[in-house]
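Shared chain: chain A. Partners: chain B in the first complex, chain C in the second.
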Partner chain A sequence: MGNFCEYLPSGCAISGIINKKGKRFNGERILESIAVMHERSNGLGGGFAAYGIYPEFKDHYALHVFYDSEKARTDTEQLLQERFHVDESGPVPTRPVRAITRPPLIWRYFVQVKPQQKEKQIFSVEADDYLVATVMEINEKIPGAFVVSSGKNMGVFKGVGYPEDIGEFYRIDEYQGYIWTAHGRFPTNTPGWWGGAHPFTLLDWSVVHNGEISSYGANKRFLEMFGYCCTLQTDTEVITYVFDFLVRKQGLPLELAVKVVAAPLWSEIELLDPEQKELLTTLRAVYGNLLLNGPFSIILATGREILALNDRIKLRPLTAAEKGDELYVASEEAAIRKICPHPDRVWMPDGGEPVIGRLQECIEKETTESAELA
Partner chain B sequence: MALSLLTPMFKVERDEELCIQCKVCMRQCVNGVHWYDEEEDRMRCDHKKCVGCHRCVVLCPTGALTVKKYPLEFRENAHWTLDYIRSIYLQAETGGILLTGMGNDRPYPVYWDHMVLNASQVTNPSIDPLREPMELKTYLGRKPKAVEIKNGKLAEKLPPQLELDVPIMFSAMSFGSISLNAVKSLAQAARETGTFFNTGEGGLHRDLYEYGANTIVQVASGRFGVDPDYLKAGAGIEIKIGQGAKPGIGGHLPGEKVGPEVSATRMIPLGSDAISPAPHHDIYSIEDLRQLIFSLKEATNYEKPVGVKIAAVHNVAAIASGIARAGADFVAIDGFRGGTGAAPLRTRDNVGIPIEFALAAVDERLRREGIRNEVSIVVGGSIRNSADVVKAIALGADAVYIGTAALIALGCHLCQKCNTGKCNWGIATQDPYLVKRLNPEIGARRAANLIRAWAHEIKELLGGMGINAIESLRGNRLMLRGIGLNEKELSILGIKAAGE
Partner chain C sequence: MMITIDASGLHYRKLNEQIRKALATGATEILIKNANGQRYIGTGISGNQRIVIEGTPGSDLAAFMDGLEIEVMGNAQDGVGNTMNAGRVIVHGNAGDVTGYGMRGGELFIRGDVGYRVGIHMKAYKEKQPVIVIGGRAGAFLGEYMAGGVILLLGLDLEPGREIVGNFCGTGMHGGTIFIRGEVEPYKLGKEVRVVEPTSEDEQFIADYVARFASYFGDDLSRIVAKPFKKLIPFNKRPYGNLYTPY
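Let's look at the complex of A and B:
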């Protein structure tokens, strides 16, 4: 197990919107929002995650893949053909933008796990694991191939450039989604590599992140124990894996996963009622190595919700706002006001205090489920 | 007796101008170096007997004394150094095994001194521990594979843990090898600083039961002082398999040290030799160890974490993995520089491996097996300062044990004569006249001060790295860089070279 993960510090701009009714809206809005924070990026990376954009393939895994060469593409496609039903594939549509130079080949595939694999892997959890394993294999073993996103009914559009140019390049104004997140990057050091831009994803998870995780080495080594390989050169990847591990693998509710990554101080835990105290003590004692330590603000999205979170002592900016069915989160209030000049409510969440926006259908489903359980 | 060929190790110099012939030095030196020459009305000394413990130097009211290395030089010889020549004289005189106290003093590389730490600049603010929270709390014990949550509530309780306010504990030092006042000092200091002391294999003196909540009780091959009350008295239990200073061999507390108190505490007859066999005679395999672990858990209602202490030896990674799988809640590893009350010199100086390598190998092995998070690792045997603690945790330890450093805090001057029972500082002795010299209240204050001082320094170092909780340092080897290490050493330690 080598230390092949270089650690690249960066500072950035982030923004996210969810329509809690699941109503889809155009990518132009997120583009406008992130463009306000031009100063926070330096043109070395930008990107978007969009959910709800592929309703016609909503049960397929949508793979967005970067290739350095045709060989990488044929190798990858061979592997995909072997393991999945590839029901649709083709290059991701782009338009030429002056500021965007030397993009890789960008392809997308809509795949499903093959029936014979399904027999072996009956549950969808296992299909997910199978896909994750394949994604990791492609990223690690096929030179020049990199899977950008692999969730269902979602996709990531990212690259080297200012976010507004990246959005233009990917024609994101032609997509409709109910969750959008965006990122503008200001790396202090960069390989100028398209795969290194945010958002980073795994299955339905996507993360955009501003900050630097000093616990990176501890987080990474912990995750490696559970088969996660850090092939990327940013700690956003680690954040994504941390959430994937806690929520998907360990089965923690998102609200409790937050208490791991931005754990309350021991002195705060001390003041809680005995039951809460025991719960949070246990979480910290067991998952202490997954505490994200250092300044950060992140926006995490799944197909069901977005979560915005600061480090526990709030060393990076984060603002949230609500209007009607929409929840907005961004590094700066200006980025929200640009697209929603008169929100119903604007607030700055405390360090470690999550802002969660969930699709109403999911909330309703959960309430009925728990009612049934009770 | 025939003439001894040994020459003195130290030269005691007295400034006659300053000396007021108060005879303090004479009373303080239990080795009988100083004596008063009535005829000449002056103090004299027998250099040969001096062990270099500095007791007389520190206590002389006029500062008249100096102790130097004896200026006698053999003809220079890179192979036959002073120590080896002296050893031969000694063995030629006695025909016995050479015994010594304290840890391996040979000039092997100290890997702590070949690792440097990171600090944040610009992109990631360093944190000022005086203004911002900085957390050192550590839980030692078994962790579940996953925290089970049902309806937002904890479905299963966390197994028993040791809660440490600082990731530093006092390592096993038995009452017998050190004085009751020394043990009391450590017990009290552990309580004051929210950590633990360890009984060693000496049992728990009745005066120490009140410190139970801060006690790790040890079960060693001699089973001295072990009964149900003892097991229940502590917060955790440690099975001692090995010790860094003498891997593979047992212990021997000579009968003359077994006075009424030691005898009662160890539950052995007065004046009898207390011999700890080399192995546990009921542990000849890992399955046997598992049985002992579980019988101790059974005996204490599964309410206490049970750990296993081993010496750092060549195959330590596999052994530690076996121990973790056998059900131990923590593994304590003692490096080859670990101290001792008495050990054969050749064993102490030649058996075992550096703790830095042992720790790196164990941590990596447990990670590769995916079980590192389920068991805690404690390392000891050479931790000299707070930076060593930080490096140990960055390499992968949960906490450290300090023994020698704690004794130095109590006044030990590292004369390495613990085995003689004539510790002028009242530490490694049972002689009531000497034991009195260590006031347990003062000792406790000094030991607690040391822990507090190190805790402050650890916080400073963490803050510099931009980390505000110790768990973000644990196993965070990116915080370390190697200096002056070859490729192989770097790869065993799992760290990059400085500049990489």
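Let's look at the complex of A and C:
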């Protein structure tokens, strides 16, 4: 093969599955799916987000944390003990894998906000905000400590390696989840390090991303005004915070948040009816700094749904498929066919056209609530 | 001589080695079963043999291909016929983004839909006249920076609410022709193209290719040609010639 072997066909790989009935399945399927796209990554990053994996602690925040040193761990644990009830803690179980070298210390904590802590705040602060502030503080102020995930009944397993090796290392076949997403990384502009692997998370949000966010600087400066600190040396981090800000803090429906990050072009807005035109013009005016410019395909997950989305002129690959209660999204159709050989429907969404798979119980709840309001 | 290769679990390099070996040892037709994501099938190969693929071949199918005929029974991924020089690819399902990227010769027949930027940078020279025939719809930026060759877009069996072509069709186009079956709204066109009526020579060209399309996929020819075509051509051979220097 000679020189041919030295060529690395690059690209990053993403894959995601949701069972809309909330039925849980283990991590083997997502691992098989992402492994089909081995060539898209180069061994410098792989990771998984899993939802539904900690039902015994479903009301606790599950913190997955990387430490470079024992000191980083003791400093972080001291801070956690001060602020939270830490009801269980310990190293995240791993198994030795030849390809995975020099992992950090990887710990997890199941925590709840102490009631008195809530009262101590000068302003009434939601538990979620308190948790977010703590995550930002750890990432920014404790050297060598990075929060990998901080949601409820979910967790992220990531590191430096091919995704199939990372999955093996973290024993993801031993977890049961109803949403799984995965990423194989081919780092281009930023370093391949454990904290820089995808998914990027905050609370229940997780994002896997293929592409680059050219608007990173503008997005980061805007988010910093609202207390978000970008510390992970990678553009993808801002995507997570953008969705947290727009949906959790600003109260936008996910479908509208999509119109902020992948805003239709002005020439397309011109063609819409007056009401739509006004709405989209307003969104662009108010949240212009949160437009994600540059090529991307992403899978965003929360405990309720997954969202797959391309940049508005579709500069990265994305395929979706459905079968029964399951929705699949991936960079390549082959990654879906591997685990679902005969889907009911397969399609490639257009640029900026979201593919959303939502838990049925969430849809039913919304329908009931809106009926009650009416 | 026909040879069957089971591609299940085969890495793309192994699969492509086996294909090359089979062709070198006299195979006239290769049936690949259970393809799933293997890249570069048929890439860079000269010859006039045939490859039939069951399953989902990986990206850059038939890239730089020089003469083979490849028939894909299902869907293909991105980059089919990338910089292809000669030969033919027939896809019974859909094909992805940048189908026919920089294609310089040969033919692609896609029964279903195609993704974004199909025919981008396609070019032609003397007897090398690449042709892409698309049965379904095409995404945005169809024929972007197109310099030569022909794209024939049929828009058959469109789902309700789906339009035959996305926006920015022919953006930066400075050569070649796009034929679209039915009408295309002016706002969908790039600044560099205009719509004209096909000539009688064009009608003959369309009829020939549609007839072959119909025979490959078992479609009803008369149904397809019953609807008139529009022809898209560039205003200018060098739209950006004066972009940086006024004279």
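Simple rule for what comes next: the second predicted complex is superposed on the first by the 351 of 374 C-alpha atoms of A that agree within 3 Å, B and C clash if a C-alpha of one lies under 4 Å from a C-alpha of the other, contacts with A are read in each partner's own complex, and residues count from 1 in each chain.
Methods note: a contact is a pair of C-beta atoms (placed from the backbone, for glycine too) under 8 Å apart; a residue touches a chain by one contact, two chains touch by 3 or more.
The model shown is predicted, which means the values in this text are computed figures rather than measured ones.
Asker: Between chain B (first) and chain C (second), which, if any, makes contact with A:A218: first, second, both or neither?
Answerer: In the superposition, A:A218 contacts chain B only.
Asker: Looking at A:I313 after the superposition, I want to know if it touches chain B, chain C, both of them or none. Which is it: first, second, both, neither?
Answerer: both
Asker: Tell me which partner A:E70 touches in the superposition: chain B (first), chain C (second), both or neither.
Answerer: The answer is neither, since A:E70 touches no partner chain.
Asker: Tell me the contact category for A:A334 with respect to chain B and chain C: first, second, both or neither.
Answerer: A:A334: touches chain C, not chain B.
Asker: Specify the partner with more touching residues on chain A, choosing between chain B and chain C.
Answerer: Of chain B and chain C, the partner in contact with more residues of chain A is B.
Asker: On the A-aligned overlay, A:E39 touches which partner chain: chain B = first, chain C = second, or both, or neither?
Answerer: second
Asker: Once the structures are superposed on A, label A:D59 by its partner contacts, choosing first (chain B), second (chain C), both or neither.
Answerer: Touch status of A:D59: no partner.
Asker: What is the contact status of A:L256 with respect to chain B (first) and chain C (second): first, second, both, or neither?
Answerer: In the superposition, A:L256 touches chain B alone.
Asker: In the superposed arrangement, does A:L271 touch chain B (first), chain C (second), both or neither?
Answerer: second
Asker: Per the definitions at the top, what is the overlap between the chain A residues touching chain B and those touching chain C?
Answerer: 1, 9, 267, 313
Asker: Spell out the part of chain A that touches chain C in their complex, as residue ranges.
Answerer: By the definition above, chain A touches chain C via 1, 9, 36-37, 39, 267-268, 271, 313-314, 317, 319, 332-335, 337-338, 346, 348, 350-351.
Asker: Which residues of chain A touch chain B once you look at their complex with the stated criterion?
Answerer: Answer in residue numbers: 1, 3, 7, 9-11, 188, 211-212, 214-222, 224-226, 249-253, 255-256, 263, 265-267, 275, 278-279, 281-289, 291, 293-295, 313, 315, 370, 373.
Asker: Taking the complex as given, what residues does chain B use to touch chain A?
Answerer: These residues of chain B touch chain A: 120, 122-125, 127, 132-133, 135, 137, 139, 143-144, 146-149, 151-154, 157-158, 161, 364, 367-368, 370, 372-373, 465-469, 471-479, 494, 496.
Asker: List the residues on chain C that touch chain A in their complex, please.
Answerer: Of all residues in chain C, those touching chain A are 12-13, 36-37, 39, 55-56, 58-59, 75, 77-78, 94, 96-97, 113, 115-116, 139-141, 166-167, 187.
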